[in-house]
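Once you scroll down, you'll see the structures, which are given as structure tokens.
What follows is a pair of complexes built around subunit A, which joins subunit B in one and subunit C in the other.
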Partner chain A sequence: MIKVALIGNPNVGKSLIFNNLTGGKAHVGNWPGKTVEKKVGKCVYKGVEIEIVDLPGTYSLTANSIDELIARDYIVKEKPDVVVDIVDASNLERNLYLTLQLLELEANVVIALNKFDVAEDLGYEINVSELSKLLGVPVVPTVATTQGGMEKLKETVARAAKEKSRRRIIEISYGKKIDELIAKIERILQKDENLTKIYPARWLAIKVLEADDEVLKIIEKSPCVQEIVNLLPEM
Partner chain B sequence: MNLRIPLAFLPENKQATVVEVVGGRGLVRRLYELGFTPRTKVRVVSSSSPGPVLVDIRGARVALGRGVTMKIIVNPE
Partner chain C sequence: MSEKIKELLGEEAEVLLAEKRYEVISRILPKVLKGKKPLTRSDLLDKAFLNKYLGIPVFLALWWALFRFTFDVSAPLSDLIDMVFGRLGEIASISIQNEQLASFVADGLIGGLGSVLVFIPPIFFLFFGLAILEDSGYLARAAFVVDRVMYKLGLHGKSFIPMLLGFGCNIPGIMATRTIDKEEDRILTILVNPLMSCSARLPVYVFIGGAVLGGYAAAGVYSMYILGIVLAVLMALLFRRIIPYFKGKPSAFILELPMYAMPTLRSTLAHMWERGVLFLKKAGTIILLATVVIWALSAYPWGAVHSGDEPLIEASYVGFLGHAIEPIFRPLGFDWRATVALFFGFVAKEIVVDTFGVLGLGGAEELQQVFNPVTGLAFMAFTLIYIPCLATIGVIYRETNSWKWTIFTVVYGVVLAYFVAFLIVGIGGMLGY
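Let's look at the complex of A and B:
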């Protein structure tokens, strides 16, 4: 069985794609102890069962609010085989911020470029293959309202699941000084295998510099915390 | 014309450009995530004091508290 998570900004058509893929077989469940809902559904593609989880709509993956944290924890801890990032094609710039965060989390991302018809109506010409090349992940144009692109999406997800590697696809530069600091912290964190088994080291390093509350709590328990504290004067 | 006024003072349906966000790290980060980065166009959809301000930013509508819109500095067109 392939485990797939759907993620994206609010109002990009996540739930519509979810219903298209699962054919209304969805049931609503609660996250333990949380009020925010997740939906789980299933579909079958060429004999392979695909379990699909619809995550709450979010603009980013910081620890600011409970819904962002749920989405982030799901991707980091449950490690779905594929994360389908649903992007509003008529609003690329705003949506790609979340995409970059997912890539930094080293998730196995497939992009569904939804509302492709709206983008075309607005006169946007999106070079899909170039976008895919730049981001290093598959991109599938979809029109969820008419079920357009759904078969292609399933096919792409099934193929991506086979490769199934959590890998660093792109490295976003934050400027020379910060990049050096990220690299230093990353090297320290790599010594803690218990940590890097779960989290990508570079991602943790970036979050340390952002003073992300949840990540700082995790780092505090690590044996390499002192080495990072020693770096504080450089930060 | 280079003016600097808080978004809260922008009249309804008037367009402006974000100049900066004046606030703590948490608020600045949150507003950047929502798309309030410098040079982005914003438009006030509805605003009646006191109460929240409905803003159009990058093709999405976002409701913000009036206090928050005091911290977003814009240049009206």
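Let's look at the complex of A and C:
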């Protein structure tokens, strides 16, 4: 069985894609301990069962809201085989912000470039293969309202799941100075196997710099926390 | 340890990393995206409404239009209701034999409660206009435009939506602060929310302004709303500076703007009714109850008040109360009757009007004996700023879960109200009033 998580900004057509993929049949419950709705559905592609979890719609993956925390905790801890990032093709600039954060989380991302028809009507011309190359992840144009691209999306998800271990992890550069600092923190964190077993070290390092409340709580318990604090006054 | 890391980094790093991510995106975009988005009608409207320089003037102009509309359309209807209550009062005082009952019906119910009910039309028309602004999609833009200024001043981005709701009633406004992530930002927004002029204050402005400001009545009322916004911003800034708890920068946020739409009559009326009916309920419960209490305090001791031909309210319990606290307000030029109105007004601000009504000051001529234009304006400002109503105080306590912040809100409100009213009277005095 392939475990897939759906994520995207609010109003990108995520629910519609969820319904298209699952045929509208979903198990609806709550996220453990939270009052946020959790929807889980299933579909089958060429004999392979795919379980689809609908994550809350978010613009970002900070620790500032329950929705964002649920989404990122699921991706980090449950490690779904594929994360389908639904991107509004008519509003790439805003939507790619979440995409970059997913890549930083080292999720196995497949982009569904939804509202592709709207983008074309607005006069946009999107170079799908170039986008895929630059981000290092598969990109599938979709039109959720007419079920367009759904078969292709399933196929891409199935392939991405199979090739999960071979994927290329791209690093987003924050400029030389910050990159060096991130690398230093990353090296310190790598000494703590309990951490790196669960969390990508580079992601933790970036979140430490962002003073992310949840990540700081995690680091707090690690023996390497003092070393990181000593490093920071260099800034 | 994590506190130490936070201290070392501040919020700068988070913002910097976010900016870098957008830089990466801006390098990707030109390589994958061709063609320029044609301007939709929504975009064209936004070009004007969200313009860096035009945004605020357009907001002020539309807000002004809203008030002119509220006034001009509702005035004849209010006059009509006023006339009906006037006639009813005459009939009651003649036809009811029992003196005390006649006084209760004529002075209390009709004079007091009636003077509040006269404001049904402006309140409903205000909500009608607000519903049009909201349903058309403009109100969200107004939030964006004012927010841009507020953010520059160091206020939290999500603050303005609770603020906008505050124009209807501060209670939903304060509840809406729950969408704000950071507790400090949330409490700060709660503290200044009562300065947003809720609809309960509108009757006071119209009542006093209409009586003593003459042709400038609408401008006076409008200025109260603007004064409320300006004070809210100033206070938030001040608190952020001087109270250590609020130190630091507000977090940024994304506000999604809905498309413009033509408001339908049905949804506009539904919105208007939904909010307006709350006023009617309030009139039937708490204001009615207050009327009974205030009337009783103003009519007894019966022998002392009703010894002559005309009732001598100064001899009543209310008179006693008013004279006791009047010295505090003397520097503002408020007499004992205005003082009593403010005293009861803390329960709900409409009761200020109610009190004047019960005290026999329901008409413009009578009010002109109490206020001149400057003290009238000072009284309006005082009503705007001082203690939020009892229900709002309750919600502030519930939402902050702290008596400290609740008492703080009440105290700073009274002090600020006194200060602003004093300033108005002082400036008015220099101008020769």
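Rule of thumb we're sticking to: the second predicted complex is superposed on the first by the 231 of 235 C-alpha atoms of A that agree within 3 Å, B and C clash if a C-alpha of one lies under 4 Å from a C-alpha of the other, contacts with A are read in each partner's own complex, and residues count from 1 in each chain.
The working rule: a residue touches a chain if its C-beta (ideal position, glycine included) is under 8 Å from a C-beta of that chain, and two chains touch if they have at least 3 such contacts.
Every value quoted in this text rests on a predicted model; they were computed, and no experiment measured them.
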Simultaneous placement of subunit C and subunit B on subunit A, clash or fit: clash
First, second, both or neither for A:G24, with subunit B first and subunit C second: neither
First (subunit B), second (subunit C), both or neither touched by A:R94: both
Subunit A: partner with more touched residues, subunit B or subunit C: C
First (subunit B), second (subunit C), both or neither touched by A:G47: neither
Subunit B versus subunit C as contact partner of A:Y59, first or second or both or neither: both
Stretch of subunit C, among 77-85, 113-121, 149-157 or 365-373, that runs into subunit B once the two complexes are superposed: 149-157
On subunit A, the residue positions that both subunit B and subunit C contact, one per complex: 11, 59, 64, 90, 93-94, 97, 210-211
Of subunit B, residues touching subunit A in the complex: 25-26, 29-30, 33-35, 58-60
Parts of subunit A lying in touch with subunit B, wherever the complex brings them together: 9, 11, 59-60, 62, 64, 88, 90-91, 93-94, 97, 210-211
Residue ranges of subunit A touching subunit C (in the complex, touch as defined): 10-11, 59, 64-65, 90, 92-94, 96-97, 100-101, 122-128, 130-131, 134-135, 172-175, 178, 206, 208-211, 213, 216-217, 219-220, 225-226, 228-229, 232-233, 235
Residues of subunit C touching subunit A in the complex: 1-2, 4-6, 8-11, 13-14, 16-17, 20-22, 24-26, 28-29, 31-38, 181-182, 251, 254, 256
